[in-house]
Amino acid sequence: MKSDPAKKGSGGTLPVAVLGATGYAGVELLRILARHPKVKLTSVTSQQYAGKRVSDVYPSLAGKCDVVLETLEPEKAAAAAEIVFAALPHETSADAVASLLTRDKRVIDLSADFRLHDAKDYDRWYKGHKAPHLLKDAVYGLTELHRKEIAGARLIANPGCYPTGAILGVAPLFAKKLARNNIVVDAKSGTTGAGRSASVDLSFSEVNENFKAYNVGVHRHTPEMEQELSEVAGERVTVLFAPHLVPMNRGILSTIYVELKSAPADGELEKLYSEFYRGEPFVRLVPPGQLPQAKDVRGSNDIAIGLRYDARTSRLVVVTALDNLVKGAAGQAVENMNVMCGWPEDEALRELALVP
Amino acid sequence: MKSDPAKKGSGGTLPVAVLGATGYAGVELLRILARHPKVKLTSVTSQQYAGKRVSDVYPSLAGKCDVVLETLEPEKAAAAAEIVFAALPHETSADAVASLLTRDKRVIDLSADFRLHDAKDYDRWYKGHKAPHLLKDAVYGLTELHRKEIAGARLIANPGCYPTGAILGVAPLFAKKLARNNIVVDAKSGTTGAGRSASVDLSFSEVNENFKAYNVGVHRHTPEMEQELSEVAGERVTVLFAPHLVPMNRGILSTIYVELKSAPADGELEKLYSEFYRGEPFVRLVPPGQLPQAKDVRGSNDIAIGLRYDARTSRLVVVTALDNLVKGAAGQAVENMNVMCGWPEDEALRELALVP
Amino acid sequence: MKSDPAKKGSGGTLPVAVLGATGYAGVELLRILARHPKVKLTSVTSQQYAGKRVSDVYPSLAGKCDVVLETLEPEKAAAAAEIVFAALPHETSADAVASLLTRDKRVIDLSADFRLHDAKDYDRWYKGHKAPHLLKDAVYGLTELHRKEIAGARLIANPGCYPTGAILGVAPLFAKKLARNNIVVDAKSGTTGAGRSASVDLSFSEVNENFKAYNVGVHRHTPEMEQELSEVAGERVTVLFAPHLVPMNRGILSTIYVELKSAPADGELEKLYSEFYRGEPFVRLVPPGQLPQAKDVRGSNDIAIGLRYDARTSRLVVVTALDNLVKGAAGQAVENMNVMCGWPEDEALRELALVP
Amino acid sequence: MKSDPAKKGSGGTLPVAVLGATGYAGVELLRILARHPKVKLTSVTSQQYAGKRVSDVYPSLAGKCDVVLETLEPEKAAAAAEIVFAALPHETSADAVASLLTRDKRVIDLSADFRLHDAKDYDRWYKGHKAPHLLKDAVYGLTELHRKEIAGARLIANPGCYPTGAILGVAPLFAKKLARNNIVVDAKSGTTGAGRSASVDLSFSEVNENFKAYNVGVHRHTPEMEQELSEVAGERVTVLFAPHLVPMNRGILSTIYVELKSAPADGELEKLYSEFYRGEPFVRLVPPGQLPQAKDVRGSNDIAIGLRYDARTSRLVVVTALDNLVKGAAGQAVENMNVMCGWPEDEALRELALVP
């Protein structure tokens, strides 16, 4: 079922499309795809800016990516591309995805529409699902957990930014049944996680020199975390998820509180994580005694993970850091495409973090 | 023509109203007026939030200022108050002001509608003036230059934030005819200067980790600067005004480039400024060799001024700093009220800057 | 034992001293004391800047507080003042405090030196205590919990910034024995909490556009929280404390995870908190359904508290917000002085938050 | 005199060294060189961190660039590399450079030590030059102006960050003798321009929510601007340079005020710039009516230039934007290496700006 890049596109490159290219995840896709040697952008859509060049909206792309934005017509994208990235809003993506799949395209969907296996979960946390018949075809695109299914998938549900940081942070523990099944994820995100939108609440004057919690216990990324961790654990895991807004553009730091069933031996957890993630190109375990920081991964596709067991309170604290627009969205989407096409998994994703 | 505070309000306080109280200048007015011992807030309006408590919109006011917001009806405000602060948008303020003056109220208008003496200037930089007949009654409320007229005025046109920093920075030079009549004002403002609005351009993700110039040469505050400086100079002064947006909430730093007619003697300029501003409660001249910074005045009604003459290029650089919401808006408005009522000019304005 | 303000100082004001006035807590004390009508600053010390005016170090104070900084000599401060605020580093404050108490002065110590009742706890989390014999005289200056002892105390151990937010956030629960005795405090602080120091780690280039956890499980504020909550609970409470650094200057937001012994009835917790804090001038309970934000209290002495019970995971999340330099340090210190002197508790502390 | 990359290094890569690799320009060099296909890092020094892995200091490099830092010994670097980047402090670089040149290595010096042709200028703005005999060999590495000499040079004086933005902004005007020879450069820089240093003035608490001017008229980058523009103009050009510090990490926006000898015809200036910079890979002229912003080039080697002629005041305003660590330092250094080696000028420099 793999696409054959040799047959498609000009000069052996695979034609790809991006739907919803002027949101922050969309433009990050363009930034990464523009330097991907094996693909060619053939169709790029934006409802708001159709008719303009993308570089009119994002001058940073001028001279590097000057495609003209089109209105969203899935059939046109299907005609132009073999793989389509859908970076559309939740609840509107499903229709476009369905149309693309009908036309036998492979789709990487960055919305939440196909992340939850059970349509009832979707209905509970979002609104009525528009294409529940496709859920069975969707693979949750957390590459480290589902690489094999991703390789053959026609529909990837690219994970949410928060779930990526939470799930990868504790999956080894649940795989080994070391953790009690009730964890707290206290996550802190930069503002781009909220998307590109005109809103007083997201204005600089409101966000700067401020810090807040929001949607505590009711954030829509909760069921994603529970679904994947339950699958890893083989039993129901519940997550109390408390997201916070940090006055920075990029990055999510997740502080995860886990009760272990028994105190770990010296080095036991480090060994567990290191085996679980052996060979993973984008998972970086920080040295014992250290914890990752948001800037360590800014602009890169890495996720960094640190562990601290607190013997006083018998709790493990796991801290993970990722760039919400890269590993948390566009980077992981390209990673999935690379896997789907049998390309090096880090193609176009070797960028080092932009520090300082 | 002065209001007599003893006669009005409960307990000898003067009843005042604030129209447009949920914009940033409006809420800053509330913050200052809430601690003013001689006034009582009797009417507070907000089109967007009418019916809510102001503390529902700004939780920082909870327990301190919980008035219910009303829709804008100038006659109601006129009935409830002796002095009315209008913090309404440009081009819509004039109507409300006209209605209030008809009812014999004194008005401090924070919009631009009555700042330019000549309606033709207004028409050129804004749109058709709605109450040009009132322009002759308006006093430009830069207290340091017009204290006497302010005391007796019925309509104060409260200065723009940028003009306050620019005019006070160079007025002494023009008063003494030391400067050539063509200056450059390169000003840098925090984001609250743009008001409280839902706009992608003002969102945190766009403003943070960015810096830009905007409206170079065409910003509407230009004619205010030219009007006042020309009046001080007794001849036509032109200003090239280039505003910039700084990723901070509050503060304007203006760097003003002036060609002097001749090189100044040692200490001449310091002496000039110090005499010009002698006794001024809110003008602070920084010691020779130093320059003011935005934070030095954050939250206070001060304007700080520093001078550097560059002999190599025969140019004087004047740097001024103020808080755009205080001395650049609400603080200066209350200062004007204090003058109008014969109260200590710094009543409710003695707050020290919030540093760090 | 109360000082009699009528007898001391010029014009009936009480002479006070500030030791260590150029650190951030110190300068915040000056900012507040400068507007306190019942005190007069008679001695202000700074090791680093002795001989300079404080306004040379903090231009924001120019014209408002221009005292000359002295070297630290407790006997001189004792001679000049009745109440002394010590804003000195941990582990060096005890000596100065001992000297002042010998001279019969009342001391409000902002360091950690007298916060822990048990010298062994101090030795474990800090270094060998220099004046353990004074510990029995020290009152932990969390006004809401110890108002009565504060009124008569000669030595106040002013609480740490983090403990203030954590303890007040959950004290009502422990007072009623509703909570299990093992809580998680995930706190996020602005940078001024780390003090005024030359450090690469605190430089703008490192902190901006970053977010990190630090000292997880080993932060020195942990035993303060445990001591006070255990006292309230009447049994040993343990706290897993995980502090984080936010790219903002001021503010601490604490997200506290509590397991309740049983699910609360509707409105039960709101009622409990509202009774526990009835009449408290600085505790603000936010309306049900809302959570406080850091900016809501910036520059004010308030602490805002919000509650969210998550039935899915049977956990209560308490969120508190305070300004680390005001309620978390200098403001609470002045509050304690007001209580010690029998003055209105909010004297000089009525400032509204500086928003936006 | 060109190095022959085919002969050197393992696998046909050229061995290069970086002296002073843990400063911000140094680590940016590592970030860029790590992805340069034609070079191999063979020696990396840091006085402060010798013996550690560079990824211990910058975790963002972990797994990508884990070289062990060495102490600075020019002879060792010379033995290990053909091209040496010196990112050492001003006034200490000259010695190392001299030693390297003696050993016949080609050097790209990021310090100011060889930027000024005249040792007397250096002595006036810096301190006594330590290797004035080498000044005649140094080529000022502003690629757009000196590409030919750079190709054959043994010593490149890599330009300062501010001069790069100022000189490229107005060079076309002076080349055509359109401008009067007295310009004002009002520049605004992010904090990384001040380097990685422990300093209260650069701490987050001081820089955040602040904006200031510094070194107005006396900044050391002034003579660089004057030297290069005078050379372009064929007559003495003087520059009043006023730098400012912006609360952001990366980026310089320069607003340059120029008096033209006569009013430009419509489109005349755009045409001039477009011809002057035709074919330049890193100079981007923004469309008429627009101005560049700092973020447009963040993380990229581009400089963006915008023009606005203000007929009212007969002045031209030129605005340029660059990333001070890339085009203003490390990127331009690699660009120069590419030119020296006859490689594609944009090798390893094709990165798109990291936006948002």
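Labels A, B, C and D are assigned to the chains in the order they are written; within every chain, residues are numbered from 1.
We adopt the following convention: a contact is a pair of C-beta atoms (placed from the backbone, for glycine too) under 8 Å apart; a residue touches a chain by one contact, two chains touch by 3 or more.
These numbers come from a predicted model, not from an experiment.
Participant: Report which of A-B and B-C is connected by more C-beta pairs in contact.
Facilitator: Between the two chain pairs, B-C has more contacting C-beta pairs.
Participant: Quick one: which chain's Cα centre is the longest way from chain B's?
Facilitator: Between chain B and every other chain, the largest centroid distance is to A.
Participant: Measure off the straight-line distance from the CA centroid of chain B to the CA centroid of chain C, and report it in whole Å.
Facilitator: 36
Participant: How many angstrom between the C-alpha centroids of chain D and chain B?
Facilitator: Averaging C-alpha atoms per chain gives centres 41 Å apart.
Participant: Roughly how far is chain A from chain B, going centre to centre by Cα mean, in whole Å?
Facilitator: Centres of chain A and chain B (C-alpha means) sit 47 Å apart.
Participant: Where in chain A do residues touch at least two different other chains?
Facilitator: Answer for chain A, listing residues that touch two or more other chains: 24, 190, 192, 196, 205-206, 208-209, 247-250, 292-293, 295, 298, 356.
Participant: Spell out the part of chain A that touches chain C in their complex, as residue ranges.
Facilitator: 182, 184, 186, 188, 190, 205-206, 208-214, 216-217, 238-240, 242, 244, 246-251, 253, 255, 257, 291-295, 298, 308, 310, 312-313, 315, 317, 319, 356
Participant: With touch defined as at the start, can you tell me which chain C residues reach chain B in the complex?
Facilitator: Listed in rising order, the residues are 24, 27, 31, 34-35, 58-65, 192, 196, 208-209, 249-250, 284, 286, 290, 292-293, 295-300, 304, 325, 350-356.
Participant: For a test of understanding, state which residues of chain B touch chain A in their complex under the given definition.
Facilitator: Touching chain A from chain B are residues 24, 190-192, 196-200, 202-209, 247-249.
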